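Dropping the structures in below, format is structure tokens.
Okay, so chain A shows up in both of these, paired with chain B first and chain C after.
Let's turn to the complex of A and B:
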């Protein structure tokens, strides 16, 4: 449904006479060349004022020309990508030369053109099915965001207290690795893993029980729906009061948070087998346990994984928020709240990076496991 | 149908209340016993019960204690006084609703972009999903501090947290919804020679409304959570989160529980409002 104009390749119209998008980019770059690149020691520096900028410019131009003359569009897109990378390396090089970029409007205009070129490249690559589209395109997009963050923060000298550059966060991550590893061990390996296993296990077990006793299911489902509406994380202070500062209180919060999503998803999954499949099992003379293991649980797997995925995020949130209410002097939530108070924002951002990686890794691992175990399921077919 | 469900739900609720009372006795008994022993008077089971269920700072308050505290804090003072729970609920609701509105705008914008641009679909959608695997509530204090450094305090930092939580269900729901229009209808629009914009407003957007409302119900609930957690690091001036925090500092368990019940009521109320709007709007459109 997207606008593929099926033009006759043998007829040249004004629209197909040239790659007008590229022409616009070249015009932007030409305009950028008339503006300053930055300032050194308070003096404005032009594009041809003794820096290595012309070399970068030549490289970018060659790559773009190479991309245009490449035998196929995707191949050309890869060459144009090199142009984008080279263009974004220029400000990093200039920063190393201690050139003040905050007034270098020519450079920023140039980088805008480079970003638009990246957009064109991504547009081309999105048309290539398979790994290119599902992994490389989002990866390049993320890398572009990271590069933009780094260059903007360093170029405009944003105070680190507002937003440190990614390189600084990475440095803090490396410098504080032992501390962060201890926090990770306390919060994730101890509290989250135990609470998650207990909560999901309890939800699953009660769902199996409720499946056997429909009275229980009918009573629990509305309560479960209510529980998904209320802010369960608010029980954190109560749990800290009951179970003390160490991991049991965090695990307790996680158990309460993850119980109902798991229960609801398991029950929905167990209900998802079709009448005709159940009839077939009965015609085989299979009892309740046998039907459960051979038919209903495998059919419920996508729902189970849905619950597990939702809970993976909830468990991390529960543990970290519970640590705001009191911990031993270790843990990610503790680190965030104390270092924010001490204005050590580098470490806070490093902790956040650890949390983000943990959350994405947890989720990604579950998604991978789901792919491996439910590849046969109809819900995976249209991918 | 309703009678079939009434009995099990009533049984479960009664069971829950019974367990609650039993748990309160079990948890509070040691403290109550200590108090009775200290009073150095002969005491029996009834004294212990009365003591356990009537403590000022119980480990687990009983439902009636919470109800009484809730009633007192709702009716004891004027609704605008900081001692009234309604005032705190309003502060939280304000942040949650502002965040929801911002999340709705952002989420819809992203969904429209994703549906109409293939590049955005493949480059941005995976990051939208990844954004939710990051435990944002854990970074809430950070956001409050950063926005505070920019000179933004009060409502806005909390609303930003709510927005981050809200936009995801809305984006995902709207992407699905904007593609939910029947291909037959889309063809019909084409025979009317309606352009992309026209068929967006007249067909795609109305067709996405059921999906939007399903997402909104999820969003409004997590928005309340976001607002409450956003209030934790602000030092606890106002809001249900601040009540939770101050209750936990001073060991006022009854206050914590009543704030918790109030938060649940607020959440259920807001979902009810969304459902009412949904019924009114979709009923008019003849969808249900």
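Let's turn to the complex of A and C:
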């Protein structure tokens, strides 16, 4: 265990570590052990009162020791992550044993310590460049939130009508998959995709035109401020009257919402080329179209992506809200409004989950595309 | 939209027939400027950037424009490049109006900053003017490679601008101007932002390049040593209003090394330039 390892200045062992953060965590856990774990049949249950809790405790302790003695900090962080996971599995196990956790202050204190350990682990991992930092750390963070949500809701027996546990939402998602899929097809694949393409495409095209015809830009930009102040709930019913109950009215709402953000961002992007770069194109005898393609549009890419990303969120919100004002009997907004009325909140939450996942996937895909196409931009180049 | 240049009424760009132009230098005038003035109409008060400037630049010359900042050096270069239109006077570039010369891509312009496009690697930056000219891909590549080799950047084709030093970036921009294979090279303080050691090195490079290619160069600087080292003629300018004070012949041998700066001939010409610049200053102070 010693040998060549002793030369490594980053190596830490339990004996040499003056890691006071860890000492504090250990003290919290020791305090937690004196408090109850929960209650069974109305009787308080201690840590060593016949449950499997001691096994979890030993596992967590071993993982922490393993993490501290690992040859490198990131590797140790992964082992400590196992300790965190094991700690958060304990309440789930206890719930399966039908133990009431709402009075288990020892357990909650223990979980607080586990969360602080997760904090430290994420701090270490976010120093590792590449996928670890950009994907795994946010993923683990989200997973941590879900775990906390699950355990708190079930531990304190929060009524599902107020807030169901994630597992319950997942179950509702699975049970209602065909209905939710139809809603997704109607709202996202039909209305959002079409409205988004039309709104962004029109905003982009009009921006190219306004770039050539200055009075168009002057006249349209104030209208943009006006349009962004119009609430969706105001235009949605009007669009339903104009275009009917099906997807065209939703697409129209999306077009109204996304047109100006795209127009404004495109115009700003087209204006972002420096004079010297424009002079260079002029010195080559390049005309408007050439200058646009070779210089001004590439320069505008970060602005275009900004508009596309803003609009991805707006489009989804627009479609869902617009469906509150009339729709065929399918669609995510329709589902939310009818199931809320019927107190079927599991389906409502499942629909919200679908919307949230769709929104982040949409946004994430655009962000990824932006990274690929504007890797040259200083904002992407750092790190 | 931009094929034939429209005839202009101000007469500023009427081609000057080569025969009527008095030959100032040994060759054929490649740039001929007569009584040129340019006034910038700014918001508060019009700025006279050039006032009655006449200058004839012969083929194969290396002409430096020197003077304190604000004396119109950049403006004069931009007028030659048709990036700015004169208020009055005549100018001909290779016997054509500046606009015709620009559309025929008869000059290469090196700006004060490299102005490389960050989304293009070095080779594709040099190929940019060739793409606009519509050359086939294979020819673009050969030409770009040849010019990069000429400025000593072979092997850097795949690098991106931000991965190069300032001096290397400016060499890329020179290679880009050379890629058009123009007879006329317009350089606006191309090494102004660089340290002196890099600058000496690039000056040596530039004079060798000029000798090897026989191109005509118009070079803006405010360094006397740089002007004397590079030029065959030095145009001394003065501000408010921008005008030409003197044109000094710089008859050092064409083949020059950095050592030439230690010779008495070099010192004598530098002295003349300095005296000329002083003359201009007595006007405002």
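The rule is simple: the second predicted complex is superposed on the first by the 357 of 383 C-alpha atoms of A that agree within 3 Å, B and C clash if a C-alpha of one lies under 4 Å from a C-alpha of the other, contacts with A are read in each partner's own complex, and residues count from 1 in each chain.
Keep this in mind: contacts are C-beta pairs under 8 Å (C-beta built on N, C-alpha and C of every residue); 3 or more make two chains touch, one makes a residue touch a chain.
A quick note: this is a predicted structure, and the numbers were derived from the prediction, not measured.
**Q** Sharing chain A, do chain B and chain C clash or fit in the superposition?
**A** fit
**Q** Under the stated touch criterion, which partner chain does A:42 make contact with: chain B (first), chain C (second), both, or neither?
**A** Once the two structures are laid over each other on A, A:42 reaches no partner at all.
**Q** So in the superposed three-chain picture, is A:295 touching just chain B, just chain C, both, or none of them (first/second/both/neither)?
**A** Second partner only.
**Q** In the overlaid three-chain picture, which partner chain does A:178 touch, first (chain B) or second (chain C), both, or neither?
**A** In the superposition, A:178 contacts neither chain B nor chain C.
**Q** With both complexes overlaid on chain A, does A:141 touch chain B (first), chain C (second), both or neither?
**A** In the superposition, A:141 touches chain B alone.
**Q** Could you tell me the angle at the CA centre of chain A between the CA centres of chain B and chain C, given to the nearest 10 degrees?
**A** 80
**Q** I'd like to know which partner A:325 touches here: chain B for first, chain C for second, both or neither.
**A** first
**Q** In the superposed arrangement, does A:50 touch chain B (first), chain C (second), both or neither?
**A** In the superposed model, A:50 contacts neither chain B nor chain C.
**Q** Taking the superposition as given, does A:129 touch the first partner, chain B, the second, chain C, both, or neither?
**A** After superposing on A, A:129 lies clear of both chain B and chain C.
**Q** In this superposed model, does chain C or chain B come into contact with more residues of chain A?
**A** B
**Q** In the overlaid three-chain picture, which partner chain does A:317 touch, first (chain B) or second (chain C), both, or neither?
**A** Touch partner of A:317: chain B, not chain C.
**Q** Examine A:277 and indicate which partner it touches, taking first as chain B and second as chain C; both and neither are also allowed.
**A** second
**Q** Superposed on chain A, how close does chain B come to chain C by Cα atoms? Whole Å, please.
**A** Checking C-alpha atoms only, chain B sits 11 Å from chain C at its nearest point.
**Q** Quick check on the complex: what are the chain C residues that touch chain A?
**A** That would be residues 1-2, 78, 81-83, 102-105, 107-109, 111-113, 115, 117-119, 128-129, 131-133, 160, 162, 180 of chain C.
**Q** Which of the residues in chain A come into contact with chain B in the complex?
**A** Where chain A meets chain B, its residues are 2, 119, 122-123, 125-127, 133-134, 137-138, 140-142, 161-163, 215-220, 222-223, 226, 228-231, 233-235, 237-238, 240-242, 312-313, 316-317, 320-321, 324-325, 332-333, 336-337, 340, 345, 348-349, 352, 355-356, 359-360, 362-364.
**Q** Give the list of chain B residues in touch with chain A in this complex.
**A** Going through chain B, the ones touching chain A are 4-5, 8-9, 11-13, 16, 27, 59, 118-119, 121-127, 130, 132-139, 141-142, 145-146, 149-150, 221, 224-225, 228-229, 232-233, 240-241, 244-245, 247-248, 251, 253, 256-257, 259-260, 263-264, 267-268, 271.
**Q** In their shared complex, at which residues does chain A touch chain C?
**A** 274, 276-277, 279-288, 290, 294-295, 298, 374, 376-378, 381
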